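Labels A, B, C, D, E and F are assigned to the chains in the order they are written; within every chain, residues are numbered from 1.
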Amino acid sequence: MPPEEKRFRFFLLQAFSLPPASKYLVRPMGGPKEKTLMNFPDVAHLLEDVDWELHPGALAPHGDWPVETREEFCLAAASRLPIVREACASGKYNGIILLGGGDPGFMESREIGRRHRIPVTACANAQMHAAAMLGNRFSILDISEVHNMRMRDLVVQYEFSARCASIRNIHFPMPRPSYTGERSIVGEREKAQRGETSDMLETSVREALSAVEDDGAEAIILGCSAAYWLQPFLQKRLESMGWEIPLLEGYRCAIEQAKMLVRLGVDASGLAFPDDHLRRWRRKKTV
Amino acid sequence: MPPEEKRFRFFLLQAFSLPPASKYLVRPMGGPKEKTLMNFPDVAHLLEDVDWELHPGALAPHGDWPVETREEFCLAAASRLPIVREACASGKYNGIILLGGGDPGFMESREIGRRHRIPVTACANAQMHAAAMLGNRFSILDISEVHNMRMRDLVVQYEFSARCASIRNIHFPMPRPSYTGERSIVGEREKAQRGETSDMLETSVREALSAVEDDGAEAIILGCSAAYWLQPFLQKRLESMGWEIPLLEGYRCAIEQAKMLVRLGVDASGLAFPDDHLRRWRRKKTV
Amino acid sequence: MPPEEKRFRFFLLQAFSLPPASKYLVRPMGGPKEKTLMNFPDVAHLLEDVDWELHPGALAPHGDWPVETREEFCLAAASRLPIVREACASGKYNGIILLGGGDPGFMESREIGRRHRIPVTACANAQMHAAAMLGNRFSILDISEVHNMRMRDLVVQYEFSARCASIRNIHFPMPRPSYTGERSIVGEREKAQRGETSDMLETSVREALSAVEDDGAEAIILGCSAAYWLQPFLQKRLESMGWEIPLLEGYRCAIEQAKMLVRLGVDASGLAFPDDHLRRWRRKKTV
Amino acid sequence: MPPEEKRFRFFLLQAFSLPPASKYLVRPMGGPKEKTLMNFPDVAHLLEDVDWELHPGALAPHGDWPVETREEFCLAAASRLPIVREACASGKYNGIILLGGGDPGFMESREIGRRHRIPVTACANAQMHAAAMLGNRFSILDISEVHNMRMRDLVVQYEFSARCASIRNIHFPMPRPSYTGERSIVGEREKAQRGETSDMLETSVREALSAVEDDGAEAIILGCSAAYWLQPFLQKRLESMGWEIPLLEGYRCAIEQAKMLVRLGVDASGLAFPDDHLRRWRRKKTV
Amino acid sequence: MPPEEKRFRFFLLQAFSLPPASKYLVRPMGGPKEKTLMNFPDVAHLLEDVDWELHPGALAPHGDWPVETREEFCLAAASRLPIVREACASGKYNGIILLGGGDPGFMESREIGRRHRIPVTACANAQMHAAAMLGNRFSILDISEVHNMRMRDLVVQYEFSARCASIRNIHFPMPRPSYTGERSIVGEREKAQRGETSDMLETSVREALSAVEDDGAEAIILGCSAAYWLQPFLQKRLESMGWEIPLLEGYRCAIEQAKMLVRLGVDASGLAFPDDHLRRWRRKKTV
Amino acid sequence: MPPEEKRFRFFLLQAFSLPPASKYLVRPMGGPKEKTLMNFPDVAHLLEDVDWELHPGALAPHGDWPVETREEFCLAAASRLPIVREACASGKYNGIILLGGGDPGFMESREIGRRHRIPVTACANAQMHAAAMLGNRFSILDISEVHNMRMRDLVVQYEFSARCASIRNIHFPMPRPSYTGERSIVGEREKAQRGETSDMLETSVREALSAVEDDGAEAIILGCSAAYWLQPFLQKRLESMGWEIPLLEGYRCAIEQAKMLVRLGVDASGLAFPDDHLRRWRRKKTV
């Protein structure tokens, strides 16, 4: 961080919150930050040098189930922007971490952050950047047909198409009224944690192998944050099979990318995210 | 349109509305649809075979000035989706036309439309498709640094990067609190209509020529809908200079693309816009 | 269409004709236009607002079998250009529709049409544009190894490579002296129409599924016009299997694209198709 | 060449011939081959180890002026294919060289050549391959707006877009009824040969410099064969200015590429140019 | 860094060393590490949480002047690899930082580092990754024609071509026998530090503006490490002109990227950098 | 070759030599040039018009086993450059042929050759250029996971990514201390030459078929030069199965490409390989 910054002061913002009584929860909706930040033990050591706050996210405007469609992502994005604005304006933070696998409101939040010279990072974007540092092409392991398309939109918007080997679908959709299957992400995590066989993990192993052997992936990133728990389990499985492929996860990447930006003293290009109060303008842009 | 459809029934939705008392208006906020649809005389003949309704758009949630930043586009998108939902559900329309140059909520609206098998078109997207039918590369003539970046995001998201020769900025920003310049889009249109010299038109001529001579544009499309009035004036000027380059405009392209889709009996790919109630899913996607 | 145009006046031109006595016919070589336009019932409703003429095409110069090799496509292209010239010069038409799956003479015909300000559309090109409106990537379902390469050349020449997921070969070659197999496209169509099992349809189902599941297609277009009859049958089969993928066909796309261009008052970019009597020229082009 | 081939036996085919009485000639239409092969002295040393015949080309079907529009190129292509067929079938040649800058009929001729296992080369294509061996990107120096678009189509069809820095237009159109300017390519060549100032050469110097300094060209190739005479003059000029950029020309590249293919014992891929009498076919192609 | 790592332990390796008596020095060849690490004051705050050693680099095998040609970069690469090997094998470091602007031996060093699970970063590569986090496209500001081509090779090899807007040459070559100009990088830095006008800085301002206005750069990175001193001066100048474009520099980016990788517990993909002692292999790779 | 050159005078340089007593040899380390040039009978006819010398290559600095890792390739590159320098400076040669499948030192050697106006060719690069002349996409058949990544780096560095359909691994690694498998390339060649079944050949057939049927290859090139012996055997096998796909090999391509360049009188672009003693420089490069 620039010489005058002595410590990271990060604002972690959940993608959205659901009513605690919702029957579609995949993470706890209340409690201390160490409990409500999913997979905290995987992340804890990276937060040791950070003063951090965790915001539960705006109440999801679309319903009481997790965001998965493009429409839901748009609504969640809009509802989280005022929180980003307020956090930036508070002067309390030198970095904003957008939690959630599908990065709702990321481009807009960077625009807001830019006005305050505060870097904003998000989980899918940060994973793609980290993956690009490790190999030439990455695959995304993701949970459902609908969510896959969100990840696809992000790959395109972030201009990572040439580095994306594939999006692999393990078909464990988020709970929602329209989903009548019985597959439960929460249940799978618990099974894995108990050392039992988890179909979600087994399917992930199978799809990761296809990503490696058929699609040309040299790194794997995870799509939906509800699947981030897979990281240590799946990494271990792949290693035990002799495949030396790094498996990333969003929280850690987003936190560490924010640190890198803070320390380099940069946030976002003022040309890519031009300010409302513009001093200079260009006649021409190329895409 | 499919044999059973006898007539186009289109829902035209403005990008947003502003309070009538706003001092930042660029179009009338009330009156008959023929008055509030900008540049109606340019479009009228294309609506003759259409039963059409014009919705004024949701009241802009961000303030009383036009949408221009990424943040504002996101908020406008979210606020217009419920209107799209309702229009689709009403059963009254066989096509949805999203007005506005920056296509807020287009991808999300297509997802909604898909559930009802109703095509949704939008002005930037439709212009890009039409331009691609006429030549190999197009340039976008657009009004301001901030709005340019919205257009850029759209080119990338729609995967038209390889066909976009440039985005040319004429620097006539929309009225807004932060803009202290004196350039007025409305005033320029009036000058042009009175046959007086319009700086906005003159600048557009200059930038269009650069697009042709320097950037390799073979067609030109317009960015912000507040600049659509330029089309007949600028087309004429370019022709008088001997440049045979088509100049498109968003309303006409969006209306005609919607007709094409309706008549072909298609709306959007169910694989690109998968339904919430999914019958089949794929293991793999490529980007 | 521009205000002054009151009705579509289209000239439909077959790719070539064969001697009626040829033993390699795949469509009738004489009779009323409704009989000689293949699959007329699928298209009829789109021609209701069109005054149309159907030209049988020039007699194929290469032999009495259908065009399939690159050499044959070139000869067919050259022999159809004088007909396009004459149609354009007649002043009777406001649109030219080039029938045939492999678009012989399309680029050249657009050049001719441009001189008369008449849009020219063709079946492969129009399908690609329509497919691009529906999803990100399309596959081409086509009949033979040799014809596939023609489709490939078109994808490249039209600069749709990045949107083409694959060309899938069902291996039902056109009848020709060198083809000694027994597969008959005409016979297959008749079987399907009688409700019997058609190997051509079954193979198409199989290849379409591979296009969806393996290649990433989000829309499917048909290559050779002799396979256009598949459209309703195959679309139905895919739908019945739960795959919501649009299946396009060339005649309808070419007709509707022509309408769109006529109504928008455009034909082709004068920069992409410069006139012989040039008024302005550019120092530089980019590819 | 393969061990059994002892000498190159090449068939050189002009793109087309014009009536000797035409007032639009740019090369002599009769006489010994050494006289009718343009710029023979530049090429002679490369033909020393070749038994070669020069065919004057089919009489141009479109009129008595040189080929320049897309339509004219198509007609010229079709009229030259029977000559290629006959040359291949004669058994007299082990290489076919298509003369002319715009490669009419090249893809089709390769298909024909493939059946006889005879490589076919053409001037634009061969220059692009040679240029790619020398640097990363090349520019094309070409004579007219219309001809430029032919070159552009070739760059795209040959999939060299990523290596083409620009097409630079010196605006010395071929003589033709519609061209009323007074610039004469033949006159310019004579001036240059007499040591006088040639506007065509001076303009070429200017555009070559722009290709180097602005467009990023690392090699330059020539478009129309009527401009091939520029090669030694322009190369010398660029060298005298300190620019070490190779300037290629079509005849030499096409002849030497043909030798390379003959000696390697290859002609064209049977998968890219599948035979009419096919032994194996593929289910899938990618573009 | 992974929980068990308590502190960064970095090995910083100069690209090469020259004989202290060389008359072509651009940095001191002896003294304490804080003196021999160029521009230490710009970097010092980033090394506060690092235990670091600075290796002077192998003695340049090619001569007593700085590395600038491709040949010299290859020789420097080879001569530095044994040092990387030894550092990795020593067990003393958890990160290797390759100093120098042209990244000699970076791909090879990552291969070596991978065997020891130690991340290796380099200045050009790290700047490109950081720039990609800030905007869509970056330009490289670099010192000489010859060095530019090295930067170009790196952009291609790292697969950043689509994000590289341009390489801008300020033409201040490194001192070497063949360079007879009088421009001195060291002298320019001193002038700038004394507050005098530096031609090198002025030229950098001019080229940076062209990168922004003409080439579409949204971030700027520096090529040769001998120009890294420009960073604070040039950043300030651009800001004072109203251009909000981030200007990066190699040392800081390479250090911070190494920290990010160490903390994420990754080094390089074992598939992109396969081990000599391989446990699994793939039948297929895609590029 | 240019008129004044009367005969090819080529310097063939092995990639490296090993101690004759090494137990990891794949080619003889001494004897007449006809014996030490691998597969001489396949190449002999192409050397009939060449005065050629064969240099055994520098002694490998890394150990007594063949080059396979990136590190080893870098060391081999550096150790061969002085030999290239000397050969160029000798004035005895008009072409340099770099033997070896992975092209160590190719870019650097071209830079050296450029100073002397002598073309330098290399086996992988020459095969890629030749393959591009035959079809649209090629696959590389290669021997091992580690060597595959070298081939991949070359495809990227040479900017042939868009033409590379795949790299197919037959998993017959070079002998080296870390390789404990029993597969022997030399043994396989002998089996094939004796007409016995060779697993290496059988695996190559299988992978070549996958390249054709799954990956879209239209030509095949060979990676490691130790596998070049496969060429006649594999070509024959593919032909016997009905697949008309050209199979190239490096020595022949490199020799014939060098002849082509010599006869065209070119070596490398002075802009792509700028001289140390530069006369002109450019402000800008594009990648």
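The rule is simple: contacts are C-beta pairs under 8 Å (C-beta built on N, C-alpha and C of every residue); 3 or more make two chains touch, one makes a residue touch a chain.
Note that the structure is a prediction, hence the values are computed from the model and not measured.
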item: Interchain contact steps from chain C to chain E (minimum; 1 if touching); value: 3
item: Chains touching both chain B and chain E, listed by label; value: A
item: Which listed pair, B-C, C-D or D-F, duplicates the contacts of E-F in over half of its pairs; value: C-D
item: Interface sides of chain D and chain F: same vs different residues, half threshold; value: same
item: Greatest separation from chain B - chain, by CA centre; value: F
item: Inter-chain centre distance, chain A versus chain B - centres from mean C-alpha coordinates, in Å; value: 31
item: Chain A and chain E: spacing of chain centres that average the CA atoms, whole Å; value: 30
item: For chain C paired with chain F, centre-to-centre distance based on mean C-alpha positions, whole Å; value: 45
item: Distance from the mean Cα position of chain F to that of chain B, given in whole angstrom; value: 54
item: Per-residue overlap in chain F, given as positions that touch at least 2 other chains; value: 136, 152, 159, 215, 272-274, 282-286
item: Chain contact topology (line, ring, star, complete or other); value: ring
item: Ring topology as an ordered chain list, initiated at chain A and continued via chain E; value: A, E, F, D, C, B
item: Residue ranges of chain D in contact with chain C within the complex; value: 61, 68-71, 73-75, 77-79, 81, 105, 107-108, 111-112, 144-146, 148-149, 152-153, 155-157, 159-161, 164, 166-169, 171, 176, 178, 207, 210, 215, 272-274, 276-278, 281-287
item: Chain F residues touching chain D - in the complex, by the definition given at the top; value: 1-3, 45-46, 129-130, 132-137, 159, 162-163, 165, 212-219, 241-246, 248, 252-253, 256-257, 259-261, 263-264, 266-275, 279-280, 282-286
